[in-house]
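Chain naming follows the written order as A, B, C and D, and within any one chain the residues start at number 1.
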């Protein structure tokens, strides 16, 4: 399940909804990405997340389907926010649940790596009277690529 | 921070407590282990978790300190339950928070792998009128050992 | 053939346009051709597409390379490398 | 020297004892020696420690190997491989 929204999300409530009445889950992993304040020259006051409505949902669905084809996930969720955010605010939530922890951990990392390089979001950071578009990091591309070679993962 | 308790835990509340007022965290990972009902010959009705009071707390503190020496964690938490549990119930919660997601993911996996092989807990599963002590899995030893060779992790 | 063009992030800021519908000229066969053609529309577009090698494109909401064909496209988007998550 | 012994999980079930305090005999130098000595205390202990190679031990709440010395120990625990998490 995927969702793109301006509002905040409640991790406890999302978890409860996803796992309610389920006794087949042995391992549940959540990843939450939040706005870091930074320090010195990197200190930010706020951030705006622009996205490509329509394509965003399509990419998140594609990424989730890919994870579910690679790992035996009993449940999964991606929630990504857009709009104006402040330091400490939530940006993205990924939840993966499986019978075993290895699948849940790997799938959550995979989802984050793929989402970082494929979901059409752009961060604009504001610091005082200066604003700048965040640049993509080569390490994100490298993180996403490491899954390509693996194809179907173990377990 | 570590806690050993008979009562359930509330993941949302634990997360809120750990991250409240923090704007230095970019990545927060939670792992929750729950009682799987199983199926067929592995179907269980309930489970009892026995532990070694005193040593349990010591081992969890040692494991957490080891993770914090290997990764730059801004916050961490381990909560482990003991006593009688039913399918679907929570068993263990691990939370790791860091500036970057790689450290948070790796540290959470490390904590679970080490806890599985070092924390003195024993599961006794009840199915109908039969009870059996869960046997340790060779894969858990292998998972824990893979960290030994690595020593200090990247980032 | 008419096609909707969308611009995001600093590509949008530099072109000054969020979206527009244009008639695709005959000589434009690929994304690369389209960027070359766009650069000639004026200084804003010349600036936006000056470093065209870093710009990413999507045809009908799917990521494509610069050598992708544009024939049959309904919607073409240009944007910097993504930075979500 | 007196030492507290603790038994957990199926070791506890088989010995029928959760904890006890004993006087360590002179000839018991290591965990391995202690298990050999315990086996001779009766059929419950013989059964509990029959497969002593799978049993784990902790001296003063720290995991140890079977060749660890027991001199100076306050508390020694015996249990199966752990299965928490």
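The definition used in the following text is that a residue touches a chain if its C-beta (ideal position, glycine included) is under 8 Å from a C-beta of that chain, and two chains touch if they have at least 3 such contacts.
In this text, all values refer to a predicted model and were calculated from it rather than measured experimentally.
Under the touch definition stated at the top, chain B and chain C share these contacting partners: A. With chains reduced to the mean position of their C-alpha atoms, the one farthest from chain A is D. Rounded to whole angstrom, the centroid-to-centroid distance between chain A and chain B, based on C-alpha atoms, equals 22 Å. Taking each chain's centre as the mean of its C-alpha atoms, chain C lies 73 Å from chain D.
Separation between the centroids of chain A and chain D, computed from CA atoms only, is 48 Å. Distance between chain centres (mean CA atoms), chain A to chain C: 26 Å. Multi-chain contact residues of chain A (touching two or more other chains) are listed as 33, 112. In chain C, no residue touches two or more other chains. For chain B in complex with chain A, the touching residues are 10-13, 15-16, 19, 21-37, 87-88, 99, 101-102, 104-105, 108-109, 112, 143.
Interface residues of chain C facing chain A in the complex, by the touch rule stated above, are 6, 8-10, 12, 58, 61-63, 77, 79-85.
Chain B meets chain D in the complex at residues 33, 49-52, 54-55, 58, 80, 91-92, 112, 115-124, 133-136, 140.
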